[in-house]
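Below, chain A partners chain B and then partners chain C, in two separate complexes.
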Partner chain A sequence: MTPTFTFATAQYESGDWDSAPLVPPNIIDTIARYTEIPVTPAGVIVSLASPDLLRYPLLYLTGHLPVRFTDSERRQLREFLERGGMLFVDDHNHDVDGVFHKTATEEITRTIGEPKPLPNTHPLYSAFFKFTDGPPTTSHELNGWGDNLVHKNLFAVMREGRIAVLYSSKDYSSEWGYHPDSKRFQSVDNTKFAVNIVVYALTA
Partner chain B sequence: MCALALLAWMIVRSAAPRDSAEVHESTDSRALQAALVAWTLAPEPTSVHVTAAFAPAARERQWLRALARAGVRVSWSRDSLPATAIEVAERTDPAGGVRAYIAAPAGTRATLSDAVGLIDTIAITPGANALSLPVTAGALDLLVRGQHARAAAPDSILPRQVVVLGRAGWEGKFIMAALEERGWKVSSRLRVGPNVFVTQGTPIALDTAHTGAVIALDSSAAQYASAITTFERSGGGVVLAGDAPLAAPLRALAPGRTGTRVAAASLAFASANPRRALGFFPIVASAGDAVPLESRDGRVVAAARRAGAGRVVQLGYDETWRWRLAGTGDAPAAHRDYWSAVVSAAAYRATKPASNAGPAGDAAPLASLYADLGAPGTPPAAALSITPGLRWWMFALLALLLLAEWGSRRLRGAR
Partner chain C sequence: MTARERVAAARRTLGATIGARALLWGLAAGAGLLAIVAVIDMMIGVPRALRVFAVPAAAIAALGVAGYALWRGRRVRSLPAVALWLEERVSALRYALVTALDSPLPSSYLERDIAAVHWAPVIRRTLGHALLPPLVLLAAVATLLFALPAGVRARISAPRAGDSLLRPAGGEIRNRLSPLVAEVIPPAYTGEKHVSLDEPSSVEVLAGSHLVLRGRGAATGITAALNSTPLSPALLRDSADQWRLDIVAPAKPAALELHDRNHSRTVIIAPHADSLPVVTLAAPARDTVIRTPKGALALAAAATDDYGLDAGWFEYIVSSGEGETFTFKSGVIHRVNAGGARSTTLSGALDLDSLQLKPGDLVHVRAVARDRNHITGPGIGVSETRTIRVPRPSEYDSIAVEGAPPTDVDSSQISQRMLIILTEKLQTRRAKLARADVVKESQRIGSDEARLRQHIGEIVFARLGGSQQTEDAGGNNAPAHMTPDQLLAAANAATQASAGATDFEGDETPVVAVNRPLLEAYNAMWDASRSLEVGEPGAALPPMRAALAAIQRARNAERLYLRGKAPVVIVDIAKVRLAGKRDDASSSSRLPRAALDSSAERRAERFDAAVSELASNPAAAIDSLLALRVDALESAPELAGALAPAIDALRAGHNATDALVRARRVAAGVSVARVESPRAAEWSGAW
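Right after this comes the complex of A and B.
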């Protein structure tokens, strides 16, 4: 059977794109654990400026540092999004006053449009598991780190009725940044929302 | 002598209609109609010939046929009458509209109009000349070198939803996106886990009242095989993509068997034939009634067949999404058009009578002329033509000759 899903992490020239190296294997493990979606065992890293970007319709981008896309990165990313790709951006700082949030949202706005609050009734929250209250909270939010806020909504840029860019200030990159084997020590698997993101990307 | 002259005149007068021929240059419909009236009223000619600068309308052709049935020898010839034809078919497309197929001499320029006005001017090329027209009003009129061809607007299509069934994956996602962007209403039921499905719309309504076509993405759609078969037998359209026909319950519907997958040679999408960069399942051992639609290097990639009242299209591609994302040029638009065409080819066609079809006309005037009057012929010999004017001249000449004979006899003894 042909693998249909490969988890891809976006590499960009500025900032620390590789700040959450344990997230990809953890999400791959979660997808394999809960679904029968054929998934490539290892994720890939793909440069935003590379045409290879167009081989991976779901892209994960994170970091702590300022994000400044080069012209070729911006051009390639715009092409990717206009053709139907989906970009999931997570603020690893969990800080709306932080440099990542300010620069990343600015770059997204320049590239494809301004992210707007995503209603918590959006099909994303019922694509696989049911999240009736919207995006699940993270321990960083509840412990008052970062901007000391519990963010009620994710943000999104929509194209043709579908999410093109999903933006999170909730710091899932920290929440999901652990070895997959450690899931057994958790009473509740906190990576379930990642399944919804992947299933939504594959079906909507 | 006067009695002799009167007798001669009566002979000429009585014989003239039976020996007369009429040659008519049909420059316009009104003149031809006037000639037809004249030919029909006594005295009718024995033969008529129409030199057509335009193809007579159906009414005039029927009139000429009636004359022929009444014993008049009818022939026709043409000077520069172009062979034109127009065919208009509805598009099974949510955007509606029609597709016009045009035939005319290569190299000529044709204008296409509807009830509102001019639509387009077309330089006719050898082979098929087809146009997709999203909006038309009434009949379409084709004009080539003064010759009109006219086709009434067809019934319009009432598009039904498209149902997508199979496993969750990029192919299903981008097929749905392409069809929705083209205006199709899409419902889906995509499998993501054991007994876990992501559902959009009402995919369970597999009947022609709600659904025009079903796309089976892969062999996992076999669980719906019974419903899909019933739907297809009742007139629905089925698209079997990728390895879907590998499942035994769907194999009976398929135009052919699914061969071993041919991997993509490269992912470099050439603009001329972008689908060459895609991997595919070749269609082998085609059914006797299968029609190949697309081939690559001698292997069939797409085929279609009728089974029951519906149609089945088998498509060997399973990763057309790569074309949409990585193709050159406006690949998303090409991908949309491709999938819309695939679905259109199979989909059930519910029609609504055209509200303004426009007046009927000749869709192929020259062909109609051949059908009604046969092949063109030569005009009757001029010597046989005795027109009314000539008839009087002959009578005058005869009278003059009689007078000369009479005078000759009277003057014979005077010398």
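Right after this comes the complex of A and C.
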């Protein structure tokens, strides 16, 4: 039986973990559109404190509000990462001075290690599509929302040579937060980078 | 002085002499034993485990010999025995002394004879004979001890870890890497003592500690590398007649390699981190909702640390806003200086009035403690976070609801208003057109009306939980055959769970109230379609206008959506991939990539390779095991722990079979509870 990729969204007790409900179907649509990866049509929501976490290779976490993991969430997430899972964290505030950024990076540091800038030549950027300039910019960055910065790099916590935690301040949660049927109105599909993240999580 | 008094005086002198002799013999025996051990240690080296018994054994020997000497002189306690001893050595007494002591009455005759005899020279001579031999022996032994090197004396008198360098080299130093002494100097903030190790193969250190390695000889020519990265020669320097290497212990496990000409040595540095403070928030005990944010919120927490706390405090963050717009403010309150204590308590109160909380605000509170680790830290520990929420007024209802946008509609369809306009134009031109043209135009409008009706049907039946394909499935079961009331009754019956939950208009449930206008429109559009199909646009206009009015009423209806129910979007994978209806269609076929080797498998392979090399090249095999242990210290600590006794046993030339079997089982992923192995062919240390 061919294993099927299921996109999982992390549910945590603090904050608004469900602030980007349209991102999972949009990424699933993108995976189906560009790859032959067997993919489940709908994503799942999984609690960070649940052992079910270990059933998914990639976990998506976002929000606007402060992130404070409980002990069980931290313990389960650490086990998930140590067993080879990959966590993709996106700051829905797109603000490095924002409280999500500060609290989320603090929790990540305490759980697995401090996120460091990821070189724009990292294999992540050529795992499927080629992004020679690093992570694609978002309209929120270009419009000057949030911290009014265009972030040149993503951040990552590496473990045994691979990305364990990928951290973005670019607000892909807003950029990709639309119904997948509306993708046909985009002159350029801005969700292609999601394919690289999924392919990297499945193959690296 | 009477004869008895003179004998008593002689007994005191003899007693003192016997005591002094016993003391001297005892000292000589003890010192002699120490000297013998020291000489042996200087010549061949005595393990510290044996040297620690040298001083107690010397004390026991001294006490034994002294006791024996006292036992031999025990007769000095008896006055007649002393008198007899004098009679034996002074013949001039002619038993007068014994007789005088035995006589119950004093005899002037005997006293006069005894007074004429002087035995002091005999006593002095005896004293000299008794004390001189032990004195000479003690002097000789003391001379020998003081002639030995001070380091040798220290190794015997106060054996300690790290004293192997105190033993004289004895000629040319062939290998400056043995003996090797490591001294671990923990950071000052820990208050821990220095620890020395002889001949270390692995050093457990607190991260940030100083590690000093020392050996005999000069530092010139000795090189060192940490994880194959050469260390600066400046770190190696001379100290008296020894070389020393000062480094700060790295944060991660590392292999320190030392080289001296053709000699090499590897020391594994296994650091452990200073633990973060453990903070427990006692109050508030749980997340809560405060309807009226007034007064103060009690805060209490406890913090502990393995080496000592520096400070503790409470942190709060207030989040205000909703959707995409949030504002935050944060602060620190009730900071306490712990002063290095290993545990402390925090207490205080959060003034809610000063925060000026509004409905919808969230307050996040937690306790934080910082330790005194200024080397690799500071380590900051935090408690669980408690969230205090100020509810919005709309949340006070038993069923909390909030508005949400309606589902997007397909704007490519012609609206009901447009269809009415087209029909009205056709009706106006009808007298000028041929009947066939009227019918053709009317049917075209009718088909558009049917498409619009079908879309409204999908919306209604999707809401009522029915199949959206009902109309396409067959004409006999089309919902047009049911009256609106029948359809609504069926829908209401299918959703009894919601009946009566809300007091809507009259007796209607939300299901009926929300969908009734669209159902009316749906049925009116059926009537309009039938008239348009037969080329009667005039007859179609009234139901078309009724349908438009019903659609307007539906647009103005109040919509209720359960809060927190995000729309579920299910992607049609086949549609996205343009796969059509054939399951076997695929643009290309790809095979899955071969599974990558796991790190555990790689470690097991490295272990097997090292063990297979033991017979042919033991030194290289031990180095391989050392390198494997360095890598495993962080990623597989259980394997690292199992490798340590195996490496130690191999280095010492002992039987390493049990340890290797245990390590092999750990490397293979088998859980090992105790050290035991079957009696297999044993591998004895050949190196």
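List of remarks:
Basically, the second predicted complex is superposed on the first by the 201 of 204 C-alpha atoms of A that agree within 3 Å, B and C clash if a C-alpha of one lies under 4 Å from a C-alpha of the other, contacts with A are read in each partner's own complex, and residues count from 1 in each chain.
Note that in this section a residue touches a chain if its C-beta (ideal position, glycine included) is under 8 Å from a C-beta of that chain, and two chains touch if they have at least 3 such contacts.
Because the structure is a prediction, the values reported are computed rather than measured.
Bringing the complexes onto one copy of chain A puts chain B in a clash with chain C. Applying the stated contact rule after C-alpha superposition, one finds that A:191 touches neither chain B nor chain C. Using the contact criterion defined above for the overlaid structures, shared-chain residue A:62 touches neither chain B nor chain C, since it reaches no partner. Legend: residue contacts after superposition of the two complexes on their common chain; A:201 is shown touching chain B, with no touch to chain C. Contacts of A:105 after superposition: neither chain B nor chain C is touched.
Of the two partner chains placed around the shared chain by superposition, neither chain B nor chain C is touched by A:138. When the two complexes are overlaid on their common chain A, residue A:85 makes contact with chain B while staying clear of chain C.
In the overlay built on the shared chain, the residue A:5 is in contact with chain B alone; chain C does not reach it. In the superposed model, A:54 lies in contact with chain B only, and not with chain C.
Of the two partner chains placed around the shared chain by superposition, neither chain B nor chain C is touched by A:169. Superposing the two complexes on chain A places one of the chain B stretches 22-30, 58-66, 112-120 or 292-300 into chain C: stretch 112-120. Shared interface residues of chain A (contacting chain B in one complex, chain C in the other): 36, 160, 203.
Note for the complex: chain C touches chain A at residues 276, 317, 319, 324, 326, 328, 330, 362, 364, 366, 382, 384-385, 387, 408, 564, 566-573, 576-577, 586-588, 590, 593, 599, 635.
Chain A makes touch with chain B in their complex at residues 2, 4-5, 34-38, 51, 54-55, 57, 80, 82-85, 127-128, 160-162, 199, 201-204. Across the complex, chain A meets chain C through its residues 14, 18, 21-22, 25, 28-29, 32-33, 36, 39, 41-42, 64-66, 68, 70-71, 93, 98-99, 103, 110, 160, 174, 179-180, 203. Residues 167-174, 177, 180-181, 188, 190-194, 196, 198, 200, 267, 318-319, 321-322, 324-326, 331-332 of chain B are the ones touching chain A in the complex.
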